[in-house]
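Have a look at these structures, which come just after this line.
Next come two complexes built around chain A: one with chain B, the other with chain C.
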Partner chain A sequence: MILVIAEQQDGVLNRATWETIAAAQQAGGPVTVAVLGADTAAAAAELAAADVAGVVRVDHEALRVYTLDGFVGSLAALVAAEQPAHVFLPHTYRTRDFAPALAVRCGAPLVTDCVGTKAQDGQLLFVRPVFQGRLLADVAVGGQAFVTFQIGAVRADSVVRGAVPAPVRTAAAGVDAAGIRQQPEAPFREAKQAVDLTQAERIVAVGRGIKGQEQIALAQQLASAIDAELGASRPICDAGWLPMDRQIGSSGQTVAPKVYIALGISGAIQHLVGMKGARTIVAVNKDPEAPIFEIADYGIVGDLFEIVPALIKELQG
Partner chain B sequence: MKIAVCIKQVPTRDWQPRVNDQKTWVRDQDAGFELNEPDAYALEEGLRLKEQHGGEVVVCSAGPARVAQALREALARGADRAIHVMDDALATADAFAVSEALAAAMREEQFDLVLTGLQSDDQGFAQTGPILAELLGFASATIIMHVDVQPGGLRVKRELEGGWFQWVALPLPALLTVQSGINQLRYATLKGIMAAKKKEIRKVTPPAGVALRQRIVNLYAPVKSKQTQMIGGSAGEAAKTLVAKLRDEARVLS
Partner chain C sequence: MPTAETWIFRILVLGFVAAFVAQVTTRARLAMRARNNIAIDDGETGRRLLRVLTEVVFQSRTIRERPLVGFAHLGVYWGFVAFAGYTAVQFLAGLGIVDLTGTSAFRIYAIALVPFSLAVAVGMAGLMTRRVLVRPKALGDTLSVESVIIGGFILTLMITFLLEFRLDHGVAARVNWWVHAIVILSFMVLIPGSKHFHLVLSPLTIYLRSSELGTVPNLDFERDQVGLEALKDVERKQVLDAFTCVECGRCQVNCPANATGKLLNPKRLVLQTEDALLAGTLETKLADIFDPGILWQCTTCGACEAQCPVGIEHLPLIIGARRGLVSNGEAPDALGAVYNHLERRGNIWGLGADQRQKFVQAAGLEIFDADRHDYLMWLGCAGAFEADFQKALRSLFGILRSCGVTFGVLAKERCTGDVAKRTGNEYQFQELARANIEDFRAARVTRILTSCPHCLRTLGVDYQAFGFQAEVVHSSVLVDGLTRGMLVDGHEAVTLHDPCYLGRYAGVTAEPRDLLARFGAQVREPARSGDNPFCCGAGGGLLFEEHEEGKRISQERFEQLQATGARTVVTACPFCSIMLKGAQASANAPVEFVDLMTFVDGRMKRSGRQAEGVS
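For the complex of A and B:
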């Protein structure tokens, strides 16, 4: 049995949860879904629509708000009781927080950021990107594995629905509320998100290849020429060359413009998850093996400092 | 405050990885190596905390002999001393094996705070820090964008997805994984480089019998999921072709 750990916040399940259920269904064998919180009745009922063997509710007041210690303690008890062959989780920031300690406590390896599974010689292999997405690795584990799935690696709408709702049961929370060392405050957003890139129809985005802050103006000229918004990959915002609200990717905005022009962006996964929904993707990069070309519709291998001025001239001509 | 910063040495960003004959690892004989960039932010944060609150910064790494170069770089930036858990097998080991090796060398030091980068640019497990916290019995929090030292512990700003953040208080000893961009990096000065030559790098042998829990059985280049039209020619020709295609084929420009 594969145990999927669903992720909910205030009763709302995220899309990554459905993607992970789909990955478990595709790996084969029965699937059980667990959901943790203070009142998971509604989320469990929603999960029961999937074609799974069952849904397990783990309810406790100490699980109302996510804490690392609370989730590790509770899930370690659940895994010990359920004895799943594997445990699948979405590769979210929350999972990244608690899953390594959980796997250690259960004495099993954690394979992170997987994009798929393969059956080979009677065992399940887990496929994950390494070296910044330039290579893929098939990973073997001895026995039970905890596995996280990259956001968007499996389509959420490929979840097979059951003919009838799956049975829902409850399990003991096994949480030591007094032992929780993290005291979280309410989530918040920074004062203002001045730029909403999510609605932009055209985006010109810059990455490390832009080399210096003074070169941003060149990308801005191209953006102005096609009435596009300017965006960036994380390192550009980390360096302070553009404000954080221009950042596209897992920690920034998720965009879906009609056209996305990536200048000097290699295509790290954290960036790709934020923009691969763009209808048409153009990549300009000096590195012919940059992962961005794997998802680009049009690619130009070359020096962006030659190509961008030529593009501006062509558009204005 | 006694602070440890765990760093990894990884191949340089512009190096093109090629798969070895067994298809289980890369041919890294021709690679250059550098300090893993996310770890540089952890180091910078450790140095800043020491400047504010006093104490010591000890930089720790697990890997083959070449790793000494990254440790020396960290010492040049301002770390006080280094611990090098040295073993060739650690170069390709999984996060659990690396964490075990680090934990064995770090336990007796009784650090107040351990900082690591978010993940490494080579295998990208994003686990070594959180596993180390579990092995050391430290409270931990990940993807941290700000650290405040308070009476009795820390108050840290965790990054959540999509532009959300959250403050979390936790007691010491603690381990934090630091998000890139938390600070502006400093680079080694000539004075720092000279001073680093006199600083201690303690070499430690990892515990015997740490077995790998996951191993790569096949390594390969990804297959393109999309038909990419590669546009060649001079910059001017490529620009002309691209604009025409965006206008007439993709119809995304007017």
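For the complex of A and C:
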């Protein structure tokens, strides 16, 4: 049996939980889902919709707010009682906090940030990227393992639904409220930057080649045509043509979109280091010697004032 | 039998001396309880004494930047020294110990003092006019009443001295004598608590100053040193510095951060430290004394330290406090990314070694072999990855090859640790330094050539603290020596921007000018050049800074460079080049930046072609 540890906050399950359930279903064998909190009835009912062997509720007032000691204590007790073959967890910030301690408490290895599983000669292997994603390693573990799954590695909508809701039961919390050493304070959200380019899938970035502030509208048109965010190199933001929070580079945001279109950006190193992680880089520049072409996947040498309108026309046509 | 007057004077002197000693003791105690960071057993005694002669006796730094003020101060200083014997004799007489005032030797001495007294009076009148009427920014926004009182004291001393010649033994003469004596005693009591404590301390702080600008000794992790967190961590030399500060503001007016509207003011930093020390709560966190934000506005250009006439070292305080912040995880976010890059990839950009390898192959570089190569060519983070600087390096390689100099590079390099050192990530700096030194030793490196002034400083000076001794030379110095016999005609006007780590730190100012002059350029000097340049804004980790308060330093410098009217600006540092090109792009001004090596190589090739054409 694979035990999946669900993650909920104020009764709301996160997507990573569903991803992990899908990973457990794909690994084969019966799946049990455990959910911890102060009142998990609603979350458990939601989880029971999945095609799983059962849902276990672990309710305790001391689990209302996440604490390391509270979770490690109750989960260690649960694992000891349930004796699962493996324990699957979503690779979230919370998991990163407690999973190492939990694995040590249970005397089992922890395999982190996996992207899937494989069956080989009757043994389950855990697949995880190494060398910054350049290689995939198949990790074999003798006996019980704690395994965390990278966010987005398995699709949440691939969870198989059950014909009837799975049975929900309650387990003892096994938590020693007095022994919890952490005292969480009220949660708060840090003021986020108005523009978060780090999450953008597509970016159109402008550099000095755009010549004038009034020309930025042209880049904005292209961005709108492909539903992209607008970014810029430092001189543009220094000149005040775009706000500082659109600056990309070593002094600015580091971005990794799927598509990065660099318009009139020469590719000074302090800009390159902020966008080199983009999957596909398209560069438009008049200077064929511009360093941006060193890293561009597609390079267009020419006048951006001719090329961009043509691109927009093509995209809209 | 002593008279009543003698007894009154004795009691007064005793009281004033006690008040003086009590204040000095407070300060001496604070200095003695601070950790001792004074290392004078470095075989530099001769140089230190010479420095005391030029900077104390001849006041070279006081005069250098402000000649008029400096000479006025020199007059006051020499007057004080000349008067020492006079005052001693008068006090010995007043205390009833021995009366030498009647001797003919003393009369001759007193007459000889007249020109000195006039020098002091004129100097003081000039300085007072400046302080009270001209009110320069360097002396602060508010008038220092204390300084005015002391100025008045000094003028009174001179007047009473001169009156002495006109008054013979009457009551008026006694009153005059008493006024003179009381003023001296009052002055003495004001000394320790005022900027005038520099009279006592500055010869010491100048003597103790490190011989290399910007020396910030390595932390000893074995002794749990993590940098300056609280006031009690401030070390002995910096405590003495705080008390010796004469509040002249030379550091402030030369500071590029202060000049561009930022809060950082090196003078205020020192004075806040002094006030906090005297307030007596040594557990106070430095972050509560000065806003930690200002610590990250320092480019470590060294202008403050290099200008200070009383030997204050600001960088150990600023970088020391940065270390305290970094060791508590309080570095700015932008630096966090740089530290990650240094740790994972060994360079400030976080780029892969394969990209450096591409350049090494494309430029046809050999791997260093001590038996075959004259120099180890050190590429650095910029040389390994930055396209513009790579062009400059290719020019250098061309010059070296044409001059028959052999060189090779290391198969793998990691950053020298300059950014880590200057931003206070001492642990990372030491890790990088030790690993590099191990590589140098394995490759039997004795001579290193670099075109990056930051690498020059770090490899050449900072690595000595690890016992690494090698000849580390900047390309401008080597190429200047190699091309001594060459002369190319031309009159192209170029502006030279001296990098701080080359002009100010390494003192390399003649070679770039000599090279430019011999290769057909007419050098135009911008405001602030030579050994006191205005920073480009990149140093001290600020290359990675996202937002700058006030005006960008790079923009200010760019405008200074542009003001010479020359279309070409020659630089000799990859980071200056990055910053200034950025400013140029923002201003969209028709100015071209060229690295010194590219300039020389271009002129060399052009003249070679012309020579061939003629023959």
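In the analysis below, the second predicted complex is superposed on the first by the 193 of 317 C-alpha atoms of A that agree within 3 Å, B and C clash if a C-alpha of one lies under 4 Å from a C-alpha of the other, contacts with A are read in each partner's own complex, and residues count from 1 in each chain.
One rule holds in what follows: contacts are C-beta pairs under 8 Å (C-beta built on N, C-alpha and C of every residue); 3 or more make two chains touch, one makes a residue touch a chain.
Since the structure is predicted, the reported quantities are computational estimates derived from the model, not experimental observations.
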When the two structures are overlaid on chain A, which partner does A:145 contact: first (chain B), second (chain C), both, or neither? first
Would you check which partner chain A:251 touches, where first means chain B only, second means chain C only, and both and neither mean what they say? both
With both complexes overlaid on chain A, does A:267 touch chain B (first), chain C (second), both or neither? second
After the superposition on A, what does A:182 contact: first (chain B), second (chain C), both or neither? first
Which of the two partners, first being chain B and second being chain C, lies in contact with A:238: first, second, both, or neither? both
Of chain B and chain C, which one touches more of chain A's residues? B
Of the partners chain B and chain C, which touch A:96 in the superposed model: first, second, both, neither? first
When the two structures are overlaid on chain A, which partner does A:125 contact: first (chain B), second (chain C), both, or neither? first
Going by the contact rule set out at the top, does A:42 touch chain B (first), chain C (second), both, or neither? neither
Between chain B and chain C, whom does A:105 touch in the aligned arrangement: first, second, both, or neither? first
Using the superposition on A, tell me which residues of chain A are in contact with chain B and, in the other complex, with chain C. 208, 234-235, 238-239, 250-252, 254, 291, 294
With touch defined as at the start, can you tell me which chain B residues reach chain A in the complex? 11, 13-14, 16-17, 19, 26, 94-96, 121-127, 129-131, 133-135, 139-143, 158-171, 179-181, 184, 213-222, 224-232, 235-236, 238-240, 242-243, 245-246, 250, 252-253
Sort out for me which residues of chain A touch chain C in the complex. 208, 234-235, 238-239, 244, 247, 250-252, 254, 267-270, 272-273, 276, 291, 294
Over in the complex, which chain A residues touch chain B? Could you list them? 68-69, 92-94, 96-101, 103-105, 108-113, 125, 129-142, 145, 181-190, 193, 202, 208, 226, 234-235, 237-240, 245, 250-254, 258-259, 266, 279-280, 282-283, 287, 289, 291, 293-303, 306-307, 309-311, 313-315
Hey, which residues of chain C end up touching chain A in the complex? 334, 337-338, 349-351, 382, 385-388, 543-547, 552, 555, 578, 581-583, 585-586, 588
